[in-house]
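Read the structure below first, then the notes.
Order of writing sets the labels: A, B, C and D. Residues in every chain begin at 1.
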């Protein structure tokens, strides 16, 4: 938390489709990060401060200082996962283990940082027909904070299909499962504890559909940000290999 | 295991619909337990010995001796959950904690024994239109033994809908998720460790549809039986509250 | 939450040892519930309102109204588990599934309500030598809210030994593991989601040792209360079996 | 499985201490891999075929063919984690996701492959006094196959201390917890599902103590190998990102 008590959120967007594709520009004139920020501000108001970071910035806008001042990072990428520098991925990874929250959105499932944190391939089935298809999102953990205040189910009229098998570790907490018109299912809201940090993957959202303008989806993302920001300050340090410093640990005579 | 090395399976069926309803008799002339047994024998052959037990028998066919000689119990009930004697439920419960496997099928979700083991209400959404609807079952844990040898996905043409929220504890291992034509989803294959015993809930199967004749479903049930029977003999005794007998536990000087 | 925004906590104490045993009266002149309340008030201040309930009251102080006005219930029992009326247990159970938090303390592991929620025997090893022995409590999930602000490890100088095998379902979140002088270990801080409610079991604390006066232990209990009170209002109703009301569920054409 | 039905095990040993250090040579004249193999053969007999691979071999003995013919790989490393080629790590990682079992031993917690699979730092506390100290290993999941046939508890007279916080993802199945003389605890037997493969981390074992000669420890390692080899052949392919090939997935009209 910042001195002001605000949750400091950095919305990271690859920001490639948003600039390059006419369709995407029309749906997200302020970029997807703009729509995500609008939702956070509406839902969380003054309890949150938002900044943006994009791929094109130096160090992708994710310098050590920027991360140090970030309580929760949201991640959207798709066309340029490989362009994210390994050094930045290392830094984000380390920061998550030390307590920063991370909310990975949609095609971010295949980002370097998510695959690093999961340790699996993070592959999935997908289908992207023109016009998309209906996604129905069911809460399977109704008291979980990331499901607060949303209808059962949430219906997205037009969305790209993401289907199982989704190669992720079994979620520590599974909150949402989606169905699609083809009969596919997908674990669409997955929570993880990694080191002292919390990670959520939330799949709805796509550059060619106005999903990030949908209030229920904005509400879930706000919930994810709040939940990831609610990890307690760690009472132990996971990021260094504890060595001889503990040799004289007082419990051993 | 019996002396012969066979897995000893008791197929428990309430056996009410099977006798009372003409439709059910036509689909399951040997009762649902007969169809389940056929599948087990085809899939597991001589490695399994099968006996039946039904509600109408004394102690529902689940005497202390019968349970002692059972490695895995399968459970189907629907119309008469309340007729199952609490004493028998206690006995089955205790036997599971001591290592017997339990495979709970379909409407067995609301049986006394499943609710006892889960500790939750085990309620769910359901819809049973005439003719049923398509269920599509997806494996989300592709190396799990209960998913061995089945297609991805399994399709059941006609089935009753079971939907979320299904009030169960988060499964220790979630293997199958189903979708239905209405867009609903359901955690249809759920594994639990309870005491020294293994429990699986597998939802497909209904008295008015020939689901238990479908080879893929028979295969999954056989897989469930084999997996539940694969728990190791416990190296500790959970069923008695250890008391002063451990006062002189040698590790304490 | 109450209208005032306060978390409404009911501290339930069997209150048998506290009145009957001279030793216990000297250590806990206000009863263990008094010491627990002192800790909650110090740690959570005005954000919490506390009331007491004990076995000897009508309906053990846990009427439907009392539970309706309770966000989190803490439970201490030992000598009189069997005296708790089944009807009250049913009521508490149902209220947990509908979202009330429950913090079960020490010998409450063998209470009716905990065993009902867990579905297992909840037995364990124990040893209670005069003078007790050192318990060392390690955090294995350092960002979890119930571990906030406590040292790594917490040391209790004099405590009764509780050891494995503890017959509980695998915790949804395991936060604390304790060791004892005899070399035993125990899963001492276990979190569960059940229905829409959160449940924590925290083992330290005993009637003959001043554990509930120890500030770190009071802090953990306050953390548990705050965490259990942080479940979101459920967006689905688990406590009734959904029936034909869903037949015309709009998602199905 | 090989054609013969044998489980094909590759025991990988860094084999640095074993050759370099006189003490280690005396305790493990055939290398630690030799002692591990002796245990596997005694416990699993003809149902297993064993080969060795070490760091100094070309591609560390882990060529594509070697891995293809391996059902379960065990991993011991300590002094030369950084010398393991990234290309080999990638290959092992991919093979695990496709179904090969992996048993990571002791200081292998800090190997590249384990850290890759876990996605966390995998750091821990440790202390290695001359003569070591007593480790007591408790089973907390008494029906789990990796605990089959071992005493409750297992006692190792002389062992290096490994203590929490151990920065791993919450285990999918936690089977063993250890205590040490200093009062530390450690999650010493941790099971994971990753892709279609099973992974176990088992911490006991050290180059300067004869732990791998201890029959109970050999039994647990044999159990781990058998369990990791028991994953079913995957019914879905996690290692390739499914793309447009699924566009015409038949479930969508």
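We take it that a contact is a pair of C-beta atoms (placed from the backbone, for glycine too) under 8 Å apart; a residue touches a chain by one contact, two chains touch by 3 or more.
Owing to the predicted nature of the structure, the values given are computational and were not obtained by experimental measurement.
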Query = For subunit B, which other chain has the most distant CA centre?
reply = A
Ask   = A-B or A-D: which has the larger count of contacting C-beta pairs?
value = A-D
Inquiry  = Using mean CA coordinates as chain centres, what's the gap between subunit A and subunit D in Å?
reply    = 31
Task = Mind checking the centre-to-centre distance between subunit A and subunit B? Centres are C-alpha means, answer in whole Å.
result = 37
Of all residues in subunit C, the ones touching two or more other chains = 136, 139, 141-142, 152-153, 155, 163-165, 170, 172-173, 180, 183-184, 193, 195, 236, 238, 251
Key: Residue numbers on subunit B that touch subunit D, as the complex places them   = 99, 136, 139, 141-145, 147-153, 155, 172-173, 193, 195-198, 223, 230-236, 238, 251
Partner subunit C, residues of subunit D touching it in the complex = 134, 136, 138-142, 152-153, 155, 163-166, 170, 173-174, 177-180, 183-185, 187
Request  = Please name which positions on subunit A make contact with subunit D in the complex.
outcome  = 94, 97, 110, 116-121, 123-129, 133, 161, 163-165, 167, 169-170, 172, 180-184, 192-195, 236-243, 246-247, 249, 251-253
